[in-house]
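Structures given as structure tokens follow.
Each of the next two complexes has subunit A plus one other chain: subunit B in the first, subunit C in the second.
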Partner chain A sequence: MDYKINNNGGSATVVFSGDITFSENVSFRQLLKDIAEQQVESCVFDLSSVDMVDSAGLGMFLIAREQAETAGWKLSVSGAQGHVASMLKLTKLSDLLDG
Partner chain B sequence: MSSINSLETQPVPEGVSASISEGRSLEASLKKWLELRHILGRSYSTLGGEIDLVAALVATSTDELSELFHNLVGNAQSQSQSMEQIIHSASRITLDSEELTLQEVVGFLEEVFSEGIMNVLELAQTAMSLVYALDDVVIDVNEVVKNIKEIEQINKQTNLLALNAKIEATRAGEAGKGFGVVADEVRQLSKDINNMSTTLRTRVDAVHKGIENGHEKLQSIASLDMSSNLQAKDRIEGMMHALISQNEDFTRRLEHSTELSRQLQNDMSSVIQKFQFQDRAQQQLDSIKITMGVLNDITEDLAVETITENSIEDVENTSENMQGWVDTVIKKCTLGEVRQRFVQGVLLSTDGSNKIVEISNASDDDDEIEMFDAALGDISQPSASLDDEDDDDNIELF
Partner chain C sequence: MNSSENSSVSGNDRDQELVAGVKAAKILIIDDMALMRKIIGVCLTRGGYENLLYAEDGEEALQMVEEHNPDILILDLNMPKVNGYEVCHALRANEKYKSLPILVQSASETDEERVQVFASGATDFVSKPINQPELLARVQMHLENKLMIHSLSDFRKRMETELVMAREMQQSLLPERPVIKEIEKRTNATIESFYRASFELGGDLWGCWELPDNKIGIYVLDITGHGVGSALNTFRVHATMARFKRSKNDPAAFLTDLNRVLQPSFPLGQFATMFYGVLDCATHELTYAGAGAPRPMVISGDDVRLLDSSGYPVGIARKPEYVNLKDKLLPGESLFCYSDVLVEAPQEEGGFLGEEGLVSWVKELSKEVERPKLVSRLLKRFFSVQSDLLPDDLTAVAIHRKDVDE
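On to the complex of A and B.
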């Protein structure tokens, strides 16, 4: 998994690529630290280039949501398609994440 | 008015023979009229009996048909009720005395499945939180390892210092003897610290391994490929909706069938009402009988008047004329049993001893009648034509 943060005056977009699975937990945690440092007001996870997400990846999304609630910024997801979109729908995460 | 019979007993003057001839012709005609009157009277009586038979047949058949249709209506009602029960039962299941619709069952299953999915998700979140917590612990443990290394380094230097102090104490001789003892104690203390440090390192390594082990366990908990769940959910949803759709189709067809059954009940009820025609038919038949009775009375009165005014005797026996008329009538009658009763009623009723008709009751065919009497010779000829005209004709005349 790779990511790139585009911060536009507190409105950030994180563009992901690759798969988001357990093995990416270190990278994901780094991402959370990066977002915390940038002091964003809102953040959109752009998943249009993500091919696969497992339950650990979804768990990490929920941790991000937890962090957002604690720090007071808004998290949402966009661009999910195929397997990723189905997974978000199955788990109703798209509702939880204001998709 | 002069009597016709007087013409036969008195001498006939010349020139009036023509009048006598006319008188005889008139008498023959009157006799013929009286014969016809007898046939008509007996026919009225026989046909009245036929009307009674028809009325009884209609009444019996109507009652039987009415009862059958009542049974049909009852069965159709039972059928409607059964189908309504099927419609009610088909879309519901009973579980522990609680009645649930299929939609509720499907909703419940979807809810249970969603709860399961949410639990998996919650588990994954918790596992990942633990992973991150353990990562933090690993960082702290690494710090501890680093500290142990520093302690070991300090201890190494302490040990070297104690060794140097011991050497210096030995050189000082007796004066350094006490210092030497202190140096030995310090070295012993350094050894103890080194042992403790080794133990601490071993334990920290164990903690590190335990964390790594926990990390792996958490990975196996958190990392579920939920594709199979996704497929299962889609399949369960598909099956449930197909089940509901099939059930709705089933219910629609049953409702249509129930409606048809209700229409059938209405139609049959209308049919039963139509059976009231039997009352009207009975009234009409009674009216016909009354009319026939009136006609019979008129002809009877006219016949009495004829006999009285012309001083002639009434007809006693069955004549050829009468047989001929009966023959003409039965030629037109196609029903064997009716013909049999007509012949019996009209010809036998005049003279019981005059065996002009013999009925073969022992015949295989109930309607078959065989007539043997020679007196009916002139009406025996049409028998072949009767048989030719209608297959139902079962009367043979000889």
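On to the complex of A and C.
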């Protein structure tokens, strides 16, 4: 998994690429730290270049959502397709993450 | 240098236990010259070592190694009867002494000799005349290495034993053969089940039970992650499920009960995807509710239909609002439930199978394989394109209902 944060005056987009799985735990936590260090009001996780997300990956989205609620910014996901879109739908996290 | 000084040098920074272990080490000094044995002995005594043994030649050395099992050898090369090289060769040929540290000391120090010393199996080299600090430093280093490797391998052995025990305990959470037999009888079906944890312990679980009014219940669940943390949670979930006698007849209520109890105790980011179905063996009606588990398949002839198992995974939402859905599992049909690794595991050629891929495999195989062997054939195919080391736990369970006339 790779990610790139584009922060446009508080409205940020994180563009992910690669798979988001159990083994990406450490880089995902780093991402959350990176976001926390920036001034963001809203953040969109752009998943259009992600091929696969497993249940641990979905768990990381939930952790991000909790961080967003605590820090008072808005998290949403966009661009999910294929397996990623089906996983979000299957677990109804698409509702929760405002996808 | 005296002994108290030396022990304080190493004492502050290093683990006290390690220092004590090093100082208690048995050291065998081998030299045909009495003076050399004495010099080395005095040097080591000053360094705080008390457990010293001496041999006058290679033959005596080999005997003493057998008898006393020393921790390290300080070995001269040129000796009568059996020389130093021969001692090295003899010891390395014995499995017991493969990792015994051998410190060779020699006066002549050409490149060829060094090569020969190491080729014969020596661990390290000190040159004569003996430089005392160097000798002590090398002895200490090799003894520490030996002790650390030893304690690491002890630790590893202990952990392995513990994991095997924990794994056996976890296996005991799965339905036992007699229970499965009863369910097979009641549903007039053959049950195929496979379960494999990715790292010794897993976060997958499945189970089935008999219910009143000629019904049975079956569930599969997958707790996020794997390893010890997830495995401990499978125990928690398993114990919690046993509490809900009444709601076992009602899948949505059962998931709701489970979520209510588990949601506060699951750590953030962890949850269980789950499917629970109740089959009425008389009417063949299947009532089920999903909490985000991979969609189970009903296999009918060589056709497959997917059950809608979507829903909030257990453990994340306060009001997940699970709903009961209805389908049929007729005689001759099969219900196949599996964990996500089947569709998500990276394949050797890149990519992953995906749900569509798995469905097409099931369709193909159901044309050529007897139904009760479908899952085992499916997994055989899966492992033919998959390395044995899976990134996640694997569960695959199928209820193959027999045709009425069978």
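Simple rule for what comes next: the second predicted complex is superposed on the first by the 99 of 99 C-alpha atoms of A that agree within 3 Å, B and C clash if a C-alpha of one lies under 4 Å from a C-alpha of the other, contacts with A are read in each partner's own complex, and residues count from 1 in each chain.
Keep in mind that, in the parts below, contacts are C-beta pairs under 8 Å (C-beta built on N, C-alpha and C of every residue); 3 or more make two chains touch, one makes a residue touch a chain.
Just so it is clear, the model here is predicted, and its values are computed rather than measured.
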Overlay on subunit A: subunit C relative to subunit B, clash or fit: clash
First (subunit B), second (subunit C), both or neither touched by A:78: neither
Contacts of A:17 with subunit B and subunit C, given as first, second, both or neither: neither
First (subunit B), second (subunit C), both or neither touched by A:29: first
Region of subunit C that runs into subunit B when the structures are aligned on their shared chain, from 237-245, 309-317 or 345-353: 309-317
Common interface residues of subunit A - those touching subunit B in one complex and subunit C in the other: 21-22, 54-56, 58-60, 62-63, 66, 83, 86, 90-93
In the complex, subunit C residues that touch subunit A: 222, 224-226, 268-271, 273, 290, 292-295, 309-313, 316-317, 340, 343-344, 346, 351-352, 354-355, 391-392
Subunit A residues touching subunit C - in the complex, by the definition given at the top: 19, 21-23, 51-52, 54-56, 58-60, 62-63, 66, 82-83, 86, 89-93, 96
Residue ranges of subunit A in contact with subunit B within the complex: 21-22, 25-26, 29, 54-56, 58-60, 62-63, 66, 83, 86-87, 90-93
Residue numbers on subunit B that touch subunit A, as the complex places them: 114, 117-118, 120-121, 123-129, 131-132, 135, 219, 222-227, 229-230, 233
